[in-house]
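Down below are the structures I want you to see.
Look for chain A in each of the two complexes below; its partner is chain B in the first and chain C in the second.
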Partner chain A sequence: MLYGYKGKLLHIDLTKEKTKTIPLSETILKKYIGGRGLGAKLYWDLIPPGTDPLSPQNVLMVLSGPVGGALVPGSGKHVIVTKSPASGGWLDTYSSGRMTPEMKFAGYDGLVITGRASRPVFIFIEDEKVEIRDAKSFWGKGSFETEDYLKEAFHPDCGEMCIGPAGENLVKYACVNSEYFRQAGRGGAGAVMGSKNLKAVAVKGSGGIRCADMERIFALIQEHYKIFKVSPIGIARHRYGTPLTLNITHPAGMLPTRNFSTGQFERGIGTIDKDGVANATTSDRACYGCPICGCSKFVEVNEGLYKDTKLEGPEYETIGLLGSNLDVDYLPSIIKANYLCDDLGMDTISAGNVIGFVMECMKKGLLTEKETGGLDLSFGNYQTANELLELIAFRKGFGDFCADGVRDMAKAIGRGSEDFAMHSKGLEFPAYDPRAGWGSTITYSTTARGGCHRRAWPPMKEVLGGVHPFTTEGKGQMVKELMDDNCIMHSLLVCDFQGKFIPLETRHFRDYLHAVTGWDYSVQDLYGCAEMIETLIRQINTREGFTAADDSLPKRVIEESHPEGPTKDRVIGAENFKKMKQDFYSVRGWDSNGIPTRETLHRFKFNEDTTFKL
Partner chain B sequence: MGRAIVIDERKCTGCRSCELACSGAKEGEFIPDRSRIRVISNALKGWSRPSVCLQCEEPMCMPVCPVQAISKTKTPGGDPLIYLDQDKCIGCHRCIVACPVGAIEFFPKLKSVKCDLCGGSPKCVQFCFYGCLHFIDLSEEEQAKRSKKIKTLFNKAAVEIAKQETYRRRKDFSLGASEVTPPPPEKEKVEVSFFKDKT
Partner chain C sequence: MTHSLREGRTVIEGDDLTVDGLLECLIVRYGPQMAEELMDDGGLRKGLALLVNGRNVLSLPEKFETPLQEGDEVIVTIIVAGG
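Our next item is the complex of A and B:
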């Protein structure tokens, strides 16, 4: 008997409006674990190279992990795996809520959605019953209204995910919402749903999740709470949530400010940082089934232009990109922008990058009000920035130009704008300037989905962990280890905050995996799985035509220095960047062009796996 | 003396670990729909709160049970407990209708279930690390105050529920009610002619 897992996926073909189940063998589950790992295997088998991300042939997968919904800290997560419209390669994007538990209660480890519906539709799943319902009256509506409807019309305690107008209009950084303020934000999964005419998926199951050793799970959680109770970083995290990060990145010179032109934002301290958000906070929130280190804050704007805006958030990334990056120190504006992005169904990170890029272009005269349709997008002009968000989601006027992300925008503008279009592989940067911790150059450039902070979080070592931030020494190995840790968490599938802030190590997660599934992995086994999964994902992108040349960063990061702060006059330089990348490839067992070597591939025995077919 | 579950609703984060822990302990699997404690929430307004049996001094569920399956007792630790004997329960759901705070559950085709304080060491409280659920020893004075407040709440709830429910019940069940006794046979209709007899 399988514990934790359900042993099958549900395949829904929207073109034919047909469903069937796909069995998952124990061998595959043991090897690929779940979440990102299982997603990599499925992507490799189901999405042939060259598939247009927005075509019916692209596959949208919603996957859980073995420990999901089993009270394990941070286990209320699901991952969407698909081909990214932003990068044209591998995409895994994570969110939380009731999707994972309800999929399991309904008897599935995940959903595999293919084809394209003939009209806007909802998918309602109730155990074996799958219903494809007309969603025409909700096309064009915001995420929140849609989610309210799902909770009312289907079940108040259902798992659900939906898109907003940005996804419908194929904005390349459209997100997929779940549980209102939780988003699978990055890489444009929302546009993939939009291309399938799929407004929302709602799941309700009547079953439960059986585990191999229930008492052990209970005991582990109590044990880990004791670790958390005396963890200063954990307590601070719970008290302030992610806005605390700003108080770490600002002194480090890592906080993106005015489109990454500097790394410090003095005006942000006390206004948009931990204290700014704490002053606006009315209650603490947590993701589904997260018993220990819940870190969400619910805020309310009490006065001014954006009075009465209520929101769970804003998180650090949003504050960095829609705040300091736009030269905005007015928290209510960030709250409003966050609310708009969530409701319109758009990634706040990419949106902040896009607007920051436009602002710099205007400052440099590369864009004028003639092109922007009269919008004065100067740094700090938050009202106009917030207006632009709506134009982007509906692809109206200048918004249409902005809807494809900074890579395409820079390509169209030219004239050196590529140098400060802050992206890698078409995915805009998160809120950590790599110049203040050189390890991030490796994660941003080599990560399969593009500029991303969730594969590894080098600031943990380079800002908080005493590792020298401005050197290339040992960075390849350091990033590889951080990435492997996260890969294990994202395959189990738990939130990586638990690892950092309780803090828990891989051996703790091994214990959970054992208690839930009964399968006895060693810590070494799990690191082996991580190496294999990361190599398979690399192989996926290699098959799509990506090479080391695509593992690139904008000139600003490599050749420019910051004008102030601890990063002043420090230039990474092309040689150093290349060295770190090569170090990383080599510890991964990839060749100098970033392609996994034959020996490496041989080690993982991919050819012995059975192949998934639809 | 005795302990009771005390809820600080401002501290609830909506993580629903209480539901998972309860169902895990009571049902042997994680199945929150079968939890004895249930959370309701409004994400857009940023609130949530758990709801669980208050172990009232004057329970409204107890007197309505036709087979006396519900009784007032104490946990081994001496905490007041309203106990529902599953062996006696016939699944009539009268107790569910009676409880003003919706603390008794039933699962499809099953008998009523309610919180039994896990025999004096409630799992939900053990797994609420955010400080919302507490299991606290109450003095006699506190107990008396609590009972009085519950009574006031229930009286208020009964009036409210009656207001909202009577019409709905009438609407949904008056048809069934009208069918409980077959009506008397209809009288024979007398033929009436409007035309004068020409003869």
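Our next item is the complex of A and C:
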């Protein structure tokens, strides 16, 4: 008997409007765990190289993890795995809400969606009953109105995910919304849904999840809650949420400011930081089933142009990219921009990068109001920036040019703009400038989905730990270890914040995994799984044609220093960057071109696995 | 602790002041509660980090013996969990 898992996936073919179940064997589940790991195995088997991400042949997978829905701290997560329209390679993008528990209550560990519907549709899943319902009247409508409808028409407590106009219009950084303010934000999964004419998925199940040792799960939760209650990190997290991060990245010179032209934003202190957001906070919110901490914040704007805007957020990334990166210290504008992005269905990180890039192009005279359709997109002009968001989502006017992300925009503009188009593999940078902690050059460049902070978070070591931020030594190993930690969490599908603020270690997650599934992994077993999964994901991109040359960063990061702060006059340099990447490849067992060696592949016995077929 | 440090303004004077010296001054001035909030087993309390001009003190060559100059910015912060 399987504990934790349901042992099957639901395949929905939108072209044929047919469904079937796909069994998951114990062998495969033990090897790949779930979440990112299972997604890697499914992607390898189901998405052939060369597949157009926006074609019916692309596969959209929504997956749970083994501990999801079983009250394990931070386990209300789901992951969407698909081929990214932004990078043209592997994409895993995470969100939270009721998708995972309701999929399991309905009897599935995940959904595999293929094909393209003949008209806009919703998918409603209630246990074995799957209905593909016309969504034509909702095409063009925002995420919030769509989610209202799903909860009214289907079930108030359903798990749901939907796209806004950005996804429908194939914006390359369109996200997938859940629970109004939760997004699988990165890499354009919303555009993949849009390409399938799929407006939303809603799930409701009547079953439960059988756990191997429920008493042990309760005991672990109580033990960890006691630790959390006296943890200064936990207390601060509960009080301030993620905006507290700005109060560290600013002094460290890591805060993206004016399109990453500097790493400090003095005007942000007291305005858009922990205190700024705390002043606007009205209440807290926890993720589904998380018994530890309501670490998300609800805010409200009480006066001015954006009066009465209400939002869950803004999180640190959004503040960094739609605030300091645009030279904006007016919190209500950031709240409004966040709200617009959520409703229109766009990733705030990429949107902030796109607008920051445009602002720098205008400053340098590479774009003028003639090209922008009369929009004055100077740094700090938040009103026009917020107007642009809607144009992007509907691909109207200048917004159409901005809808494909900074890589394509820089290609079109040329004249040196590629040097400050802040992306790797077409995925725009998160809110940590790698020049203030060189380990992030490895994560941003080598991560399969592109510029990413969720594979590993080196500032934990290079700013908050004692590791020298401006050296190359040991960084390959350091990043590899951080990535493996996160890979384990993202395969169990637990929030990686728990590990930091309770704090929990891999041995604790191993205990939860054991209590839920009954399977007795050692910590070392789990690290072995992480190495195997990360190598399979690398192999997916290798098969697609990616090489070390694609593990690149913009010239600004490698050759420019900041004008102020701890990073002043410090240049990473091409040689140092190359050395760190080579070190990382080496500790991973990949060759100098970033390709897993035959010995490494042999170690993981991929050829002994059964193959999934649709 | 964030508030207790933020809300007051004080002047600490001294020649050859180091990071360690600064922490001692704060503890002498504010008493056992400050000691409890800042220190743990003789070192910085678990869950806290100390930055000197944006650099973690543990990554500086002289660590807690790092000399402080006029205008240096010292931040004692709770370890944040990212964004």
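To be clear about the criterion, the second predicted complex is superposed on the first by the 614 of 614 C-alpha atoms of A that agree within 3 Å, B and C clash if a C-alpha of one lies under 4 Å from a C-alpha of the other, contacts with A are read in each partner's own complex, and residues count from 1 in each chain.
In the analysis below, a contact is a pair of C-beta atoms (placed from the backbone, for glycine too) under 8 Å apart; a residue touches a chain by one contact, two chains touch by 3 or more.
Worth saying up front: this structure is predicted, and the values here are computed from it rather than measured.
Asks: Should the pairing of chain B and chain C on chain A count as a clash or a fit in the superposition?
Replies: fit
Asks: Just chain B (first), just chain C (second), both, or neither: which does A:A403 touch?
Replies: neither
Asks: According to the stated criteria, A:L71 is in contact with first (chain B), second (chain C), both, or neither; which is it?
Replies: First partner only.
Asks: Going by the contact rule set out at the top, does A:E312 touch chain B (first), chain C (second), both, or neither?
Replies: Touch partner of A:E312: chain B, not chain C.
Asks: Could you look at A:G207 and tell me whether it touches chain B, chain C, both or neither (first, second, both, neither)?
Replies: first
Asks: Report for A:I221: first if it touches chain B alone, second if chain C alone, otherwise both or neither.
Replies: first
Asks: With the two structures laid over each other on chain A, which partner does A:I292 touch: chain B (first), chain C (second), both, or neither?
Replies: first
Asks: Touch test for A:P251: chain B only (first), chain C only (second), both, or neither?
Replies: Second partner only.
Asks: For A:F501, decide between first (touching chain B), second (touching chain C), both and neither.
Replies: A:F501 sits against chain C, while chain B stays out of touch.
Asks: By how many Å are the closest C-alpha atoms of chain B and chain C apart after the superposition?
Replies: Here the least C-alpha separation of chain B and chain C stands at 19 Å.
Asks: Which stretch or stretches of chain C touch chain A in the complex?
Replies: It comes out as residues 1-2, 45-49, 51, 53-56, 58-59, 73, 75, 77-83.
Asks: List the residues on chain B that touch chain A in their complex, please.
Replies: Touching chain A: residues 10-11, 13-17, 20-21, 23-25, 27-34, 40, 43-48, 108, 123, 126-130 of chain B.
Asks: Under the stated contact criterion, what part of chain A meets chain C in this complex?
Replies: Counting only chain A, the residues touching chain C are 231-233, 235-237, 242, 244-245, 247-248, 251-253, 315-317, 319-320, 430-431, 436, 453, 457, 459-460, 462-469, 497, 500-501, 565-566.
Asks: What residues on chain A touch chain B, complex-wise?
Replies: Where chain A meets chain B, its residues are 69-71, 101, 105, 144, 148, 156-157, 179-181, 206-211, 214, 217-218, 221-222, 225, 228, 282-292, 294, 296, 298, 300, 310, 312.
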